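In what follows, subunit A forms one complex with subunit B and a second complex with subunit C.
Let's look at the complex of A and B:
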């Protein structure tokens, strides 16, 4: 009961408070939501299916580039381009997943091959003039046009990413109680045993892959529209892949709210460390590295795992 | 697209072989760590980067020759490696496999960005008097520092191989890699051996770092490309297969430099990644077998 009330209050605050926030805090909140969203998308494959992708930047980049190119070259609204990017990313995810799973890559080997796929796309983007090579693509600033995913001011972007994050959380919750969700967790715990009990491991993992890559690509489109600039290392670089998994690991992989909780902790930590040591690039990522080491060492199931193990107050 | 005339081809082979030796040494350290600790060390390149900075500062502040500095950095990084293993890795020995992987990833992020915070992102170079020395071999140009790096790397790798074969500590390391429980039952102090193995891995990559600084640049992310190359090499040579790592180094060095000659821009990296993916998919135990795939 207490959890529902707290959740309702938090959701109410997220809906009502942002118009009254100073711009700096609104920007931070948008980052929190975007990272929480990417974490939630990664979580479906990494947390529930236990397949640790180190290459989700591939899908993020495909999403960002597809919608941006469709918009710049053909004038297709990014709202549609977003879906096209998602579909393309899911197709690429299915191909990469089919190859990796079909040939039995598990654990760290799967991580390495996904990293390699993302890096290959980055190298291709850097060397392809038609997609702006290493200079990237700029979405020229124009009048606000909601139909083209261009808004005046930051607040509408906030509500878009909030809706996306809530959607991802809702999908995760549905997944958790679905047949697919149970199958994925069985695969995560012991793939051979799951197969022996009749779970189609390959098919289930591919479904998780398609969903996870589709959602990640939508995040890529949001990024492109919000910052109006993308380049190969921003979108396809390892940093994006790490961001997604970091939120989920810190918050609690394989839990519905873990990635969002992780983002609410990590983003302020990064902002604080940047404010404390000014003018030095890298402080925030250094702190991320430290947090990752500490979480693995002391909270191997993330913050949500830690919360769960403690008896609820007043109920012990 | 293809412009492989005879001279360029020969030059590519020479460059590839010379860099391949260094990849081999970096990968040997990675392979040793994997063999004994069963973890893929994402922080391997970051340790190399730190060693390159150590070489840079010794040269810039104290005018120590980069090759001579190995006498300091080699042992120092051996100890640093043991310290890292004791403090960060060993306490998580029983953590899930993917968590151990994330642990070294966290370590890599921390070290790389520590360097960025301390020394900014500027490219720094170490250029001793002999940095530009070269001679021609047939039609190919051979840069002396690259030749020294390759020779030094091979000597170091062979010395390590001898160490593993002939000394008691070396035999204990191999025993632990082959049969962890048996090694423990035979009274081997497995905790200490794990630390020593990690230390040796760090020492190897530190030596490799010092060897490349006279012709490379030093920057916080310089280790990343070596790290990825070392992954490719180790997978190619077979995880935990030591001789395979050295041979794999030459194959990857050649693939990279032939790719660079045949393809424009940075597409050469595509050749290496493609090789990586193909080997992971089709020969996960490595080209020469003996490795532990999947």
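Let's look at the complex of A and C:
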């Protein structure tokens, strides 16, 4: 009950407070939501199915590049381009997933292969003139045009990413209580025992992969529209992959709210340490690293695991 | 015939784990599979449940070959198994563990939950339903393993040493449980080292030694078979 009240209060604040925030805090809040969203997308495959992808930048980049190229070259609104990017990313995810899972790659081997796929796309993007090579792509600044996913101020972007994050949380909650959700957790716990219990491990992992990569790609489009600039190292680089999984792991992998909670802790730590420690390059990153080490050492199940002390909910 | 195995052979490199093994199990029958350590009993289970591919031989379940089928497909057809070393989903509750199996026969979470609850009661774990599997004792984990297998809705259940590591009281309880499973019309193929239990339960016993079947018959006859005694105790000097 207390949890519901706290959740409702937090949601109310997220809906009502932002218009009154100074621009700097609004920007931080947008980052929190974007990272929380990416974490939630990663969490479906990494947290629930236990398949640790180090290469979700591949899907993020596919999303960012697809919608941006469709818009710049053909004038297709990024709202549609976003879905096209999602579909393309899901297709790529299914291909990468099939190649990895079909040949029995588990654990760290799977992680390395996903990293390789993302790096491969980065190198292709760097070397392809048609997609701007290493210079990347700029979405020219112009009048606000909501139909083309271009807004005048930061506030509308905030509400877009808030809606996306709430959507991802809602999907995760639905997933957790579904047959697929049980199958994924069973695979995470013990793939052989899951198979012996009638779980089609390959098929279920591919579904998780498709959903996770689709959602990640939508985040890529949001990023492109918000910053109006993308390049291969930003969108396909390992940093994006790491961001997604860090939020989920710190907040609690395999929990509905973990990734968002993780983003609310990690992003402010990163921003504050950067703002407060000026003039000593790298110290802020060290502080960030220290927080990570502390969380991972003392809260192996993430913040949600610590709050709940019970990683897998399932009450009806 | 529910299960027909003919000329089943499995070689790992130069080692023959199982060779020319044949076996039939009728619907509703209890068959014991015994043999000294390393005889190939668990390999037979891995072959029947699709975890290993046979080198040669045929396996037909309900008249249809299951050679080459993946484990979940075999489970879906009604042939379920337990593991010798129990394999619970440790971070899921007992109820959730069994629900995973129950989803084999339904897509509806409420129905899976209800079925899992019934089966936990059936195996005597009703009071443990919300306990994470990692917190269960070994005897409880064995029961959980059986409940999860039953939840998949099998016509034939393979039990791999569900009594090992249990004390005599717990063994009695498991014997009772196996009889109750059998009373529901489910056929059982049981690997067991607890002789008293397997002799009491089985209608027929098959003895495996060095991957080959050396005897088959009623428990009393098998127990007197000279080759079986030799396999277990060694030849007289």
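To be clear about the criterion, the second predicted complex is superposed on the first by the 298 of 316 C-alpha atoms of A that agree within 3 Å, B and C clash if a C-alpha of one lies under 4 Å from a C-alpha of the other, contacts with A are read in each partner's own complex, and residues count from 1 in each chain.
As a convention for this text, contacts are C-beta pairs under 8 Å (C-beta built on N, C-alpha and C of every residue); 3 or more make two chains touch, one makes a residue touch a chain.
Predicted, not measured: the structure shown is a model, and the values here were computed from it.
Superposition of the two structures on subunit A shows subunit C fitting alongside subunit B with no clash. Shared-chain residue A:217: touches no atom of subunit B or subunit C. Applying the stated contact rule after C-alpha superposition, one finds that A:127 touches subunit B and leaves subunit C untouched. Taking Cα centres throughout, subunit A sits at the apex of an angle toward subunit B and subunit C that amounts to 80 degrees, reported as a multiple of 10.
Contacts of A:99 after superposition: subunit B is touched, whereas subunit C is not reached.
In the superposed model, A:256 lies in contact with neither subunit B nor subunit C. Of the two partner chains, neither subunit B nor subunit C is touched by A:88.
After overlaying the two complexes on the shared chain, residue contacts for A:116 are found with subunit B alone; subunit C is out of touch.
Distance between subunit B and subunit C in the overlay is 13 Å (nearest C-alpha pair, rounded to whole angstrom).
Residues of subunit A that lie in the contact sets of both subunit B and subunit C are absent, per the superposition on chain A.
Contact residues on subunit A toward subunit B in their complex (touch as defined above): 50, 52, 99-100, 103-109, 111-113, 115-117, 119-120, 123-124, 126-127, 242, 245, 249, 277, 280-283, 285-286, 288-293, 296-297, 300. Residue ranges of subunit A in contact with subunit C, taken from their complex: 177-179, 182-183, 185-186, 189-190, 192-202, 310-312, 314, 316. Residue ranges on subunit B touching subunit A, taken from their complex, read 40, 88, 91-92, 95-103, 105-117, 120-121, 220, 228, 231, 235, 264-267, 269-270, 273-274, 276-277, 280-282, 284, 293-294. Of all residues in subunit C, only 49, 51, 70-73, 75-76, 80-81, 83, 87-93, 95-96, 99-101, 103-104, 107, 109-110, 112-113, 132, 148-149, 151-152 touch subunit A in the complex they form.
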